[in-house]
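What follows is a set of structures to go through.
You will see chain A twice below: alongside chain B first, and alongside chain C after that.
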Partner chain A sequence: MSSSQQPNLRLERFKAVAGNQNSILLSVLIALAIIFTLAEPLFFSVATAGNILTDWGSIVLLAAGQTLVIISGGIDLSVGGTLAISGVTSAWMMSVVLGFDTTTSGSDAHPPLMIGAVTAVITGILVGLVNGFLITKLRIVPFVATLSTMGATLGFAIIISNGMPIGGPNDFSIISPINRDWMPLSWAVIGVIVIVTIVGLFLHKSRFGLHTYAIGSNPFAARAAGINVERHLTKIYALAGGLAGLAGFYVYLRLGAGSPSSGTMRELDAIAAVVIGGAALMGGVGRMLGTVIGALILFTVQSGLIMAGVAPDWKKVVVAVLIAAAVAAQTLKRENRQR
Partner chain B sequence: MQMGEVIYEVKGVSKRYGSVVALEGANLKVHAGEVVGLVGDNGAGKSTLVKVLSGAHMPDEGEIFLDGQKVSWANPRQALESGIETLYQDSGLAPHLTVSKNVFLGREITKPGILGKLGFLDSKAMEEKAHADLERVGIAVPASNRPVNQLSGGQKQAVAIGRAVAWARKVIILDEPTNHLGARQAGEVLQVIKEAKRKGLGVIFISHTLPHVLEVTDRIVVLRLGRVVRDAPTSQFTGDTLVGTITGTIQAIPEDEV
Partner chain C sequence: MKLNYFKKAVALAGVAALALTVSGCAAAEETTAPNATEPTAVVEELTIAFVMGAESDPFFRAMKLGAEEEAAALGVNLIWQGDPANYSPETQIPIVDAVLAQQPDGLVLIPTDPTALQASVAKAVAAGIPVANVDTRVGDLSDVLIFITGDNEDGGAKAAAAIANAINYTAGESYQVVIGLTSATATTNVARKEGFEKTMAADYPGIEIVDVAYSEANPERAASNVNNWLTKYPDLDGIFAIDGTNASGAAAALEAKGLVGKIALVGYDAYPDNVAKIKSGVFTALIAQDPAAEARLALQTLVAFLRDGTLPTSSEVVIPNVTLDANTSDADLVRYTYVAN
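Moving on, here comes the complex of A and B:
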């Protein structure tokens, strides 16, 4: 290979692994787990892992879509609102349209739940298409375009539900850990992992992903290379919307109801996960695995602080510090490289 | 001079932006194996003409001919697919992508079988082919798996121009390719232009650096205030007369031979 001209190959390779964003993030995650276990030994348990992973499931779906959007140089503030409206339309479809109420449970609930899942995803994709339209056709910057759809989705979620959660059929075993003694994962979380893995593979290995990076890196170059930038961005926002819709259905499974308030401020958790995971808000940079670990760090900190007896209000402050630290680290790294 | 047929031609092209007339009835043609220099002061309409030639902008008036066939471009992709490559000033590469991904951007090699149908990329094949393609057009290739933002300015430009020459089938449009380059690097770029000419491509070379234009072109087209004021073989210009024609101190010679 061409790198054989490098005299200090072994050192270079060590630096590459040690300086790798994902290795750093994993180290942070492990360090946090050790610190919280020392502070409260009960932290190290299947139950805690189950709680963290269940929280993680909904946010990582939002964050996976957000990763694509941020790599393309945009931002999607509407994912929290999309989560809420999708949960509500999903519940509305199952209970009001199909007539299944909360008494339908266990495997009897599976057929309506499938229709509910499809409804949630379609709702999310529609919101994403509206975002795509506002951004590519009306040329509204992503921040403002998705800020308006954020307001609109949160508003519609309340209008459709009259401000109250809509209960419906459910099978709580889907969202509960498979085994409380040794298996913290639930089938829902496993499903989320499969979906995020597939999205990650498309991001890093396919033409779709390459064009996403190219647009975020230099939209002019992407257009000059013949990429239909507008159509690609619309696809990205539609995909982010679809994933947020799925997150809405995931939250429905947790609550057994579609709640109009379930999405409030969740977009900030998603953006935090992406930024902690190493993506740059200017576009062109980011890794799906970074986002996945970033979201895990977020919920490990939240869980750990609560279990260590820190007042829940401090959680927001700690998350804020984490975001600032992640962005500062990125900036330092970039300046070092340019020096 | 082993020049072929007229390969690419625009006739009577006009373009207005609001009340600003950027181009007024401009004509330009390039033969296969010919290097045409396009020069003019800032605001003379060079960039606009480049955008019309590359398919980025549709002219308000005028016609475009490729191989004698009338064509019109709705977007740059159509021009690209017809064999016209454009190297834009300074901004042709995506800095976060590797050299090979940049070379293949928009024309990726996908894996065989079902994965390829899903758009999964054959990165290895692209790296090897990018390396070979750049070498073939005479570019000293930096490692093709390195991100472009880790290359020097000269290397970046080499990659951009190498990509354009490697892909071009008919015409290559180079907008200020020697800008910001040192003397040696600029010399390499001029070498690549000569290589493109040998390949039988029609080359349109836009530059402010008049010595480069005089060295490498066969014919020079001078734009002033949106009009073509001179279109003549390079041998009819000296440095002084070229400057005079650009600035207007030498009066326009009507293009009666066009």
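Moving on, here comes the complex of A and C:
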């Protein structure tokens, strides 16, 4: 009797681990890495890891905020526009207001860059507060509210910058891998990891996070339980905006310029990362770690396809299939559980 | 304490919002002010309407500056119109209709589609308004007084020559270059790429175009593409960044990897930020168009026709692209840079 139970228990445990969302995502990531390495051995390198992580940095910031928004049952289409306008206001502050141009480099650039970072985050929070106002006070559904701020932010980014990148002070070593031989992380990416970890802990370990899940699962019940839903949602959109602002500054560091076109379609990349990571668009479901790996998968595919020499036209198709497969897998899993 | 923080944040937010609004207004005023420039009293007050593609494109902003200068110099009123962001016939046709209702004396049109805008040209000509085409053209030019354009294929050829020159091309050796594109369909991209490929095949057979990738109009993605190429092709010799977006991204990628000056980078479009990077050696060369010159010539031709009935000597004019590099004089660099505001 006991001898037959033991393997069963082991099997159950294996099933639990294998069926875990994050294990599935990690296996997909590893499988992709193997496939791309077989196609192009150079793919398996510190340089590639550095490339992927550098790309990952900006989108994971957008996606971290988007995770909270989506868990709360909303959507934020304005994060790409927020990224663009934050990068532009940040560059505008550093170069036009403070008068630092592209010749300021290395550690001389650090003081203006700090002011630039603060400017970007404030800009992002402002956009987030506008979103919160439109959604909770004017009662516009999140899709429409953030669609309009998306247009407004992209428009303002062009107006402020005249449609051209604004160059400013920069220290490219912040965004470059710390050591090209063994350390693919850059200081900027380490900063992003710290911030996303904090937001993740905030989501999973605090009352704030608990309320976010509650609102996403059932806003009426949440309200009945005494949660101030309006104020909570405003905070979530402000946080998502602030993170998008930070992403705008990250992209500024990458380009050494605030570019009005740097936010183009980025909201879709962020949403894709969240969805691949297992969050449900109807709210109440989602994990930060899933989003983090989801974004890694996106950029592993992007790098891998270039490294493997796949024609660029195919990239969109592959990403589309990936998203559809991720969502389908989750739906099937949910149905299995209900059975 | 907490409340205080919140108040401070709100106050800060308010100030920043105000600053944004003010800067937005300022920008709007600046762009409309030159339109109001009173013409120096000439024989007859002419009004020329100028309908362009998309206000957000720096190319058209540079063109606007040339148009405004020339309109002031010629003493004509200028109506500058176009969609703020969308380069499309759906948004452009109603704008042309609205402008024609103002009964201008002449029309400069940048048709966003060769077929869809043909009717608008016919409508203008039927109303006795002569039409000039700039940059792009309608399919049937018989109603059009003059068509002035930049030569993108020639620009691509010039980029090829600039790369070959920068890598000291020697026959018999083999070299690798890549092209950063925005999309597979952008017409300017296609023409530039064609010119580039033809010149490489004909004059520099040792240079192989090993890959292309799309930025989807996003400079960060352009930088990411270059990063991946640098890993895949450790011996890469040159990059052709086909437009302003790709140029910005490629330049940043080389700077971040410490490869400035080690890989030939030829960009396109003279954004001020990129022109500054010719001096610092990031760009081997930038290929620039001269949208302001296109606008000036269009206005001159229309005004000459309206005032004296002079017909242009040629009904199609091609203004060549120019190569800007370390040897270009400061005056020329200033002249070709797309000016902000």
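Just so it is clear, the second predicted complex is superposed on the first by the 327 of 339 C-alpha atoms of A that agree within 3 Å, B and C clash if a C-alpha of one lies under 4 Å from a C-alpha of the other, contacts with A are read in each partner's own complex, and residues count from 1 in each chain.
By our rule, contacts are C-beta pairs under 8 Å (C-beta built on N, C-alpha and C of every residue); 3 or more make two chains touch, one makes a residue touch a chain.
Keep in mind the model is a prediction, meaning the values are calculated, not measured.
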{"item": "Which superposed partner A:S206 touches (first chain B, second chain C, both, neither)", "value": "first"}
{"item": "Touched partner set for A:A222, first chain B, second chain C, both or neither", "value": "first"}
{"item": "First (chain B), second (chain C), both or neither touched by A:G65", "value": "neither"}
{"item": "Touched partner set for A:G167, first chain B, second chain C, both or neither", "value": "second"}
{"item": "Touch count on chain A, higher of chain B and chain C", "value": "C"}
{"item": "Partner chain in contact with A:L126 - chain B first, chain C second, else both or neither", "value": "second"}
{"item": "Chain B versus chain C as contact partner of A:I306, first or second or both or neither", "value": "second"}
{"item": "Partner chain in contact with A:G242 - chain B first, chain C second, else both or neither", "value": "neither"}
{"item": "Touching residues on chain C, where the partner in the complex is chain A", "value": "9, 12-13, 16-17, 20, 23-24, 27-28, 55-58, 61, 84-85, 184, 211-214, 216-220, 223-225, 227-232, 244-245, 248-249, 252, 255-258, 271-273, 276-277, 280, 338, 340-341"}
{"item": "Complex interface listing, chain B residues touching chain A", "value": "54, 56, 75-77, 80-81, 86, 88, 91-97, 101-102, 105-108, 110, 118-121, 131, 143-145, 150"}
{"item": "Interfacial residue positions of chain A with respect to chain C in the complex", "value": "40, 42, 45, 47-48, 50-51, 54-55, 58, 89, 92, 101-102, 122-123, 125-126, 129, 154-156, 158-167, 172, 175-176, 251, 254-257, 259-266, 299, 302-303, 306-307, 309, 312-313, 315"}
{"item": "Chain B partner contacts - residues on chain A that touch it in the complex", "value": "2-3, 201-202, 205-208, 210, 213-214, 216-218, 220-228, 284-285, 337"}
